[in-house]
Amino acid sequence: MEIVLAFTVGALVAGSVYLLLSRNLLRLLFGVILLSNAVNLSIFLVGGLTFGAPPLIAEGRSVLEAPYANPLPQALILTAIVIGFGLLAFSLVLVYRGHQEIGTLDGDALRLAEPPETPAAGGGATAIPTQDRSAA
Amino acid sequence: MNWLVAAPILIPMATAALTGLAWRSVPLQRALTLAGMTALLLAAIALLLQVQHGRILVMQMGGWAAPFGITLVADMLTAIMVLVSALMALAVAVYSLGDIDPVRARTGFHPVFCALMVGVGGAFVTGDLFNMYVWFEVMLIGSFVLLALGGRKEQLDGAIKYACLNLVATAALLLAVALLYGVTGTLNMAELALRVRMVPNQGIVTTIAVLFIVAFGMKAAVFPLFFWLPAAYHTPAVAVQAIFAGLLTKVGVYALLRTFTLIFTGDTGWTHGGILMWIAGLTMLAGVLGSLAVRDLRRAWSWQVVAHIGYMIMGLALYTPLAVAGVVFYLVHDIVVKTNLFLGAGVVRRLGGSADYAGLGGLFKAAPLLAVLLFVPMASLAGFPPLSGFWSKLVLVQAGLEQQSWAIVAVALVTGLLTMALVGRVWAEVVWKPHPDGDIAGTAALPAGQRLALVAPLVLLSGITVAIGLYAQPVMDLSSRAAADLLSPEPYIRAILGEPPPPPVLVGELP
Amino acid sequence: MMNSLILQTATRLLLGLMILFSVFILWRGHNQPGGGFIGGLIVAVAFALHALAYGVRAMRKLLVLDPRTILAAGLALSILAGFVAALGPGGLFANPYLEGRWFVTYTPAGEKSFAIGTPVLFDIGVYLVVIGGILAMVQGLMEED
Amino acid sequence: MTDLLQILAGLLVLGGACFCFVAALGIVRLPDPIMRMHASSKAGTVGCGLILLSVALHFPEGGVMARALAAIAFLLISTPVAAHMIGRAAYACGVELCAGTIADELKDTKDNPRRLLLGQAGPGVERTGGP
Amino acid sequence: MLTAVVAIFLLAALAPSLHRLLPNGSHWVLALGPAAITVWFASQIPAVSGGAVLTQAMHWVPALGVELAFRLDGLSLLFALLVTGIGSLIVVYSGSYLHGHEHQGRFYLFILAFMGSMLGLVLADDMIGLFVFWELTSVTSFLLIGFNHEDARSRRSAVQALLVTATGGLALLAGLVLLGLEGGSFRLSAVQASEVDLRGSALYLPILGLLLLGAFTKSAQVPFHFWLPNAMDAPTPVSAYLHSATMVKAGVYLVARLQPTLGGTEVWIWTLAGFGAVTAVWGGLMALRSTDLKKVLAYTTLMALGVLTLLAGLGSEDAIRAYCVFLLGHSLYKGALFMGAGGVDHGTGTRDVRDLGGLWPKMRLTGLVILLAALSMAGLPPFFGFVGKELIYEGVLEADPAGLWILAGVVLANATMLGAAGLVFVKPFLGRPTPATAHAHENGPALLLGPAVLALLGLGFGLMGSWPAGLLQATAAAVAGRPLALELHLWHGLTPALGLSALTIALGALLYVGLGPVTAALAGLARLSRVDFDAGWDRLLAGLDALARAITRRQQTGALTWYMLATIAVLTLLPGVTLLARGGLQWPDQPVGDDYVGWALCGLMLLGTAGALWARTRLGAITALSIVGMSIALFFLAFSAPDVGITQLMVETLTVIIIVLVLARLPKFGPLERTGAGLRLLKAGLALLAGAVTTAILLSVHAQPLSPHLSEFYAAASYVEAFGHNVVNVIIVDFRGFDTLGEIAVVAMAGLGVLALLKARGAPAAEDQKRETAP
Amino acid sequence: MSLFVTNLLLALAWVAVNGDFSLGGFVAGFILAHLILFLARPLYPGQRYFHTLWGALGFLLWFLKEVWVSSVRVAKGVLGIGPKPTPAVVAIPLDARTDLEITLLACCITLTPGTLSLDVSPDRRTLYIHSMFTEDVEALRRETKETMERRILEFLR
Amino acid sequence: MIPFLQICIEIALGVLLLALVLASVRILRGPSLPDRIIAVDLFGTLCVAAIALLALYTDQPVFIDAAIALALVAFFGTVAYARFVERRTVEETNADD
């Protein structure tokens, strides 16, 4: 199963990267969601997959009896999920407030903080092709 | 059992909780923060005294022996970093008395500032890689909030870019930690040091190491992963800029320094001499050119943050005792100077009404004392002797020349020269040039309390810079010992795992 | 707020149940899936539901405490839970931070029948922080209207 | 007795799964959103409920049974409320009812959710609270 | 010696306060310090002349082997005397010159600090110590040159001087470190005395190049000379000091200091001789072209520096003798001339030769001083300048490799000195009176003392060659690295040198008489060759700026997409390449697995991902992501992670709720998503690559055996030691409870942050505005 | 409802006496206690406990039957067997007054015969429902009021 | 566990996974906002069912708690979606004015 999951995670990463490269900040954040999901799955994967044997010590027993799933990655994922949620929630609200104040969701149009030395149009100096600028 | 090891986390965290409880009262929050940061400083001093004779303090959290629980550990390097960051925290806390407006204070500046210090301290003292990830995240969310606190347009603009890029970095770091666990089965850094050598496939270890370079490198703002820094660092409140510039990227450097002396030492030709070396050179050049390209004091300093990260990476890349000592020294110097520069820029902006060179000037006439206080960190930044920056550069240059790494030394020197160009220009434009609006008021025009809060940190930090410059021996000595400890980590490992480490099993030679 | 009679009535019915369930989840977290985080989330969701049905102001009134206070108190509690270990045995600060201190009862047969300790206290802190944190977000977002 | 219970549980599980499938098929096949909601709210609830019931039968512990029944109860309360909320919202946002709809007694009344929503949400007008 | 250096710095630190206490007499008090030190150094002359060397050393940074080591030999002593002696005269002079200037106290601070740095520089034996003082002179001279800081030209000149000398400084640093490493010690004297054959070392050329770059920039050798005339924007006392005894002499000092260690090779001789000769001629010619008195003098300094470099390069016995004598002579007359010129400026308000004339009746004393010094500069007997010039000719003639070209150059350069001497005295004092000189008045004693003392010394040393001979002999010995006899006579007999002197005088007179045509020719020449170094400097800086901007604009574009693209590319390529290059790729040795629940859930994840990618609407994307999230939760549950599964479900839902709560106010997906096909392809390519690298790394990691020691411990200890049946929960609140502490800190901060973002809108901005406008 | 509490207490006492803390034990105790109280009902005049409890039980059984029937009907509709759907939105005038009554009614309507509560009018006098298989609007209105609403009000009042 | 129940559960799991796919199809296809929301709501309910099935399949009753928790938050999610639809309706209409 790990092999299947490895390919799935790869696909999730590919999808998330494509979203991360969007100009729309919301889509970018969707990419972040996908990415953190993929990473959590990676933690799960490297710890080894075990079907249907949760690491719970049965009532009346004092040790966990094999087979059991590796509990450590689970604990790590739990922490990672919660942390990821905190960061993401804040970022979402940040983007929302950004839209409220600046009036755009276009990551490439955020030019208040930098760089004012650059001519506004970018003058073709940027590495991103400019043909899509007019659409904004 | 020494609770001092946990102090860098527990003291600011308790302070954060208390200031959070006191969120209705700004004066109370301020008092609590000052008290907390003072306590942190005292604890840091005590910690340094404890480790100064080569002792390594270890605390197994919850009493669970390594590698099963989380280990906190303080060696010389940790103690130095904790002390310097505690000093900065106190300085910035004092500065914030005169800088943070009531609105920011009421909406959580103090607890979040303390939480940021929790993250910084945690990253320094932890001996567990996943735990380090956690503290990095604490630092990250703290920086997100502090960056956006106040909600001005350009702040939000910068914060959005900062957040988006750092979220990716964070994911990369977590992935790297997970992968390392996947090949070694442990998260304890001391045990990792032993176990990475036993992985049958050393190629995958190197790959993970490179992933760590990228992940930590992003935190450290190295080329070409620094975009978030110049995009955001100049936007928040001055106190926030200062603590960011002083500490955040350096934590990334610390993490690189720790992991790439303790854990990833199996393929130094590829990781250190190869990737890190290139990164170092390009970071220096990109940073310093960036600082010359802008016409705004805070942005110039932001770019300088990047440039000087390059020096530290260079030291790590050279990977000799002298070079690593140089990195430690550089860390100490750079943290103090960068904090000072941003604080100074804040006062300059307050007096001159702008951060743009064009809108500044007249300081030499209006505020000579301030000019002196600016001169010290600027000259130190440029590496003029006998200030702290000179020694750090000297050590790295010497280490590079010893290794006959001509190219990186040349880049370092050119970067130093361009930094001097920047400093000369800033001095001429900001300090010497008459202010475009005619004469401006000096610091005397500020209310007395505010003046004290704003200037006292500058005096303290400039004093440190001068002191280190004139008498570099103590810091250099500590740095050398820290470097020696880093390069022979057996005592560190033994202190944590409690038993003589088994002889490393080397699995074949690399192709 | 949603201004729906049906939702409001259902919320009134569910709120108490959800809080009860969350305490249950929190309490048995040490032995079964659950714990402070999930429990806290359920409470937060319950109050958020209330906010959706009746508006944020009503929710804040019901909550009595400001989310920030809850959150800070939770953080303080979790930190304190770790400090209990400092009291001993073996003298002040002789044991490491976060070391568990347990109150355990045994059955006549010598088996543990009931155990409560500082990790549980710690988990309660987590519970409070999650409630406070999420409700702070919800409050902020819904006050936007 | 145990075997009998298990056979019953098995049948419940099968039935539940079938209802779940029907619900899913319903939201794919039925022509308009409100119709689809019929499928999801009824078949979904029944399907899920049956499976939970089977769990209640299968595990002998009282706690499990109580929780399974509680879950069913919660489902029975929450699903219709959710359906009401979505239905009202759907109506308010103006989805088209399917062509075969024979009557719409809500559309032209003052109670039309869309009208209420838009009328009350105008600037400066405070929406009146519930009872 | 350390005491002397520290004392001067202390004096510098006290100077502003002292000046505030004694606004009218501070210069006399302050001058006492350097004067006393001069006396102390003078008292060492007999011992040093006798071959003694005073040393003093103390640890500074032992961890680096850096010491504060001082060494007083003939060379150091000569320089120390010049630095402190002329320094004290300058302090007195500037007290009067800058009287009433609002920053006079600061001026004392800078000039004394400069003096201290220069003194340290010439005394230092430790290379790092030498470098420290070297850089200090750069910094303090920067502050001095920019002293008239409200004048844009001053600021430009200061920065220019700083950068040019700093360039050399950094080269010097590298050179010194290499020299130290190669020579086995960081003590100059130790390296000089050591057995190591530096001249044969593979690093000889780099070391030499770096060190000479340092020396040449400091002593303004062509083509690094352009900063020196611009440095004339400094107040006159500074110029006088900079040119006579300090700063520019540092380079010349360094060359002499290194002569015994590195000198004598072909490269050394030809490099120094070549640069020196060119600089000498260039300086002389440019002096004739100038009309500003100070500029004239500045260019003559260039000439002198060129000659000194040339002499140090030749390294023959006579050349070394000439070096020592000319060094002293030049310092005396140049100090006097600058101060005199300052006096003229002070008395008339102008320094332009064209506006000056007929000053003699009004400023006799000043005129006399300038005359004496100018005669010495012109190299006429019986002045010390003449002695120096004779020795120069002898040195050049004697030196074996010195070619005719160099000889010609030196003669020409000396001739221009004569012309320049005429320029500074004849025209201003004897020429026709001008409107500018109508109200000229004589200067007070403080302004006359310094130049007079120096000018008289120039005459006295010329007449009484035995006075300085002992000291100069010790100097020569230090430069040569071995004992060297030196006697000074006005009359050397009928030597070729005398002939050359006569030729020089004739040529010089010709130059002065024909000044008009010569200047025109020179101007034409300069235009023709377009060698305008000063403008070149501006172009260099502008080019640097443009380069910086271009590079910065290309990387820091401001476009988030680009940042993300670059970041992810690095994140993908570096590990990817490493995986391949270091042979890390490995396929796990296990069956793919036939667990259909897992397969199906993976399939659902993929379905959801595809949906999120192709979604046209925001809600479409969000709901598609919900599919992914819930499938992952089910996956966790199926593969034995109930806590994770529940948490994932709840967090997933909560995330969606938060998105939905903010979504209503955000715009729909719009034209932003329509990008060019090429760009889309690039993004898709990178995405696929990232996915492939991830999969490859995960598979390779999974192929490694996983040590179970941690989970085994948790399985055994969870209940027995930590009283919990749920192992995962026990890890979270106990074994790794510290992680959770950090985790809840994150949640808490996120909550606070969201509230802060949403609650405090606009208010701080207004607050900041208020504060900025009314400080 | 004090009888209900008494019933509960008796059940708990039974559990305690038996030392059997399981759900089964509790249910057994509850039924036993209920029987006892039922036999002793003349002691508690004016109590509607038995009426309510049995009414609720009866309603629940009826309701579950309706849910089943409606689900099967919807299932047929989904699968395309049985009659073609004839949807309609119908207004039902309400006799139910309290929040609980209205809510319960709306929920039950949603869960039963091809009907779905869409909204309650702001004046709380009309419930709008969507019906999937509508033969006659008036018949639907009448049927809903007389079966569903009557039964709910019966056991709630 | 008797084989019959085992087989029933496995078949049911398969059917349920198919149902999840169908629900996904509606989520992805939309077309209207309420369509997606209904489908997500159903997806949540199906997940609850799947979790209950997993409890049977793995013989771990603890999964029931997951089911309850999911039912709770899924309900809240649906209400939030409904609110979103109403808000958006208001916003868009206002924007058109």
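Each chain gets a letter, A, B, C, D, E, F and G, in the order it is written, and its residues are counted from 1.
By our rule, a residue touches a chain if its C-beta (ideal position, glycine included) is under 8 Å from a C-beta of that chain, and two chains touch if they have at least 3 such contacts.
Note that this is a predicted model, so its numbers are computed, not measured.
Engineer: Can you give the shortest number of steps from subunit C to subunit F, where adjacent chains in the path must touch?
Structural biologist: 1
Engineer: Using the mean of all protein Cα atoms as the middle point, what chain has its own Cα mean nearest that point?
Structural biologist: Chain B is the most central one.
Engineer: So which chain is farthest from subunit E, going by the mean of the CA atoms in each chain?
Structural biologist: Checked the centroid distances; the maximum from subunit E is F.
Engineer: If you tally the C-beta contacts for C-E and for E-G, which one comes out higher?
Structural biologist: Per the contact counts, C-E leads.
Engineer: Indicate the whole-number Å distance between the mean C-alpha point of subunit C and the mean C-alpha point of subunit D.
Structural biologist: One centre to the other, that is 30 Å.
Engineer: Averaging only over C-alpha atoms, locate the centres of subunit C and subunit G and give their separation in whole Å.
Structural biologist: 27
Engineer: If you average the CA atoms of subunit A and of subunit F, how many Å lie between those two points?
Structural biologist: Once rounded, the distance between the two centres reads 46 Å.
Engineer: From the C-alpha centre of subunit D to that of subunit G, how far is it in Å?
Structural biologist: Result: the chain centres lie 11 Å from each other.
Engineer: Which residues of subunit D are in contact with two or more other chains?
Structural biologist: Residue numbers touching two or more other chains: 23, 25, 37, 45, 61, 70, 74, 77-81, 84-85, 88, 128, 131.
Engineer: Going by the touch rule set out above, which residues of subunit E reach two or more other chains?
Structural biologist: Residues 549, 552-553, 556, 558, 560, 564, 568, 597, 638, 640, 642-643, 646-647, 650-651, 654, 657-658, 661-663, 665, 694, 698, 701-702, 706, 708, 710, 714, 724-726, 728, 732, 734-743, 745-755, 757-759, 761 of subunit E each touch two or more of the other chains.
Engineer: Identify all positions of subunit C at which a residue touches two or more other chains, and write them in rising order.
Structural biologist: Answer for subunit C, listing residues that touch two or more other chains: 2, 4-8, 10, 21, 31-34, 37-38, 41-42, 45, 48, 68, 71-72, 75, 79, 82, 97-98, 100, 133, 137, 140-141.
Engineer: By the document's touch rule, what are all the touching chain pairs in this structure?
Structural biologist: All chain pairs meeting the touch criterion are A-B, A-C, A-E, A-G, B-C, B-E, C-D, C-E, C-F, C-G, D-F, D-G, E-G.
Engineer: Which residues of subunit C touch subunit F in their complex?
Structural biologist: Residues in contact with subunit F: 4-6, 8-10, 12.
Engineer: Hey, which residues of subunit C end up touching subunit E in the complex?
Structural biologist: 29-38, 41-42, 45, 48, 67-68, 71-72, 74-75, 78-79, 82, 97-98, 100, 102, 104, 112, 115, 117, 119-120, 122-123, 125-126, 129-130, 132-144
Engineer: For subunit G, which residues count as touching subunit E in their complex?
Structural biologist: By the definition above, subunit G touches subunit E via 13-14, 17, 20-21, 24, 27-28, 30, 33, 36-37, 39-40, 43-44, 47, 50-51, 54, 58, 60, 62-63, 65-66, 69-70, 73-74, 76-77, 80-81, 83-84, 87-88, 91.
Engineer: Which subunit B residues qualify as touching subunit C in the complex?
Structural biologist: Residue positions touching the partner: 1, 3, 6, 10, 13-14, 16-21, 23, 59-63, 108, 111.
Engineer: What part of subunit D is in contact with subunit C in the complex they form?
Structural biologist: 70, 74, 77-78, 80-81, 84-85, 88, 127-131
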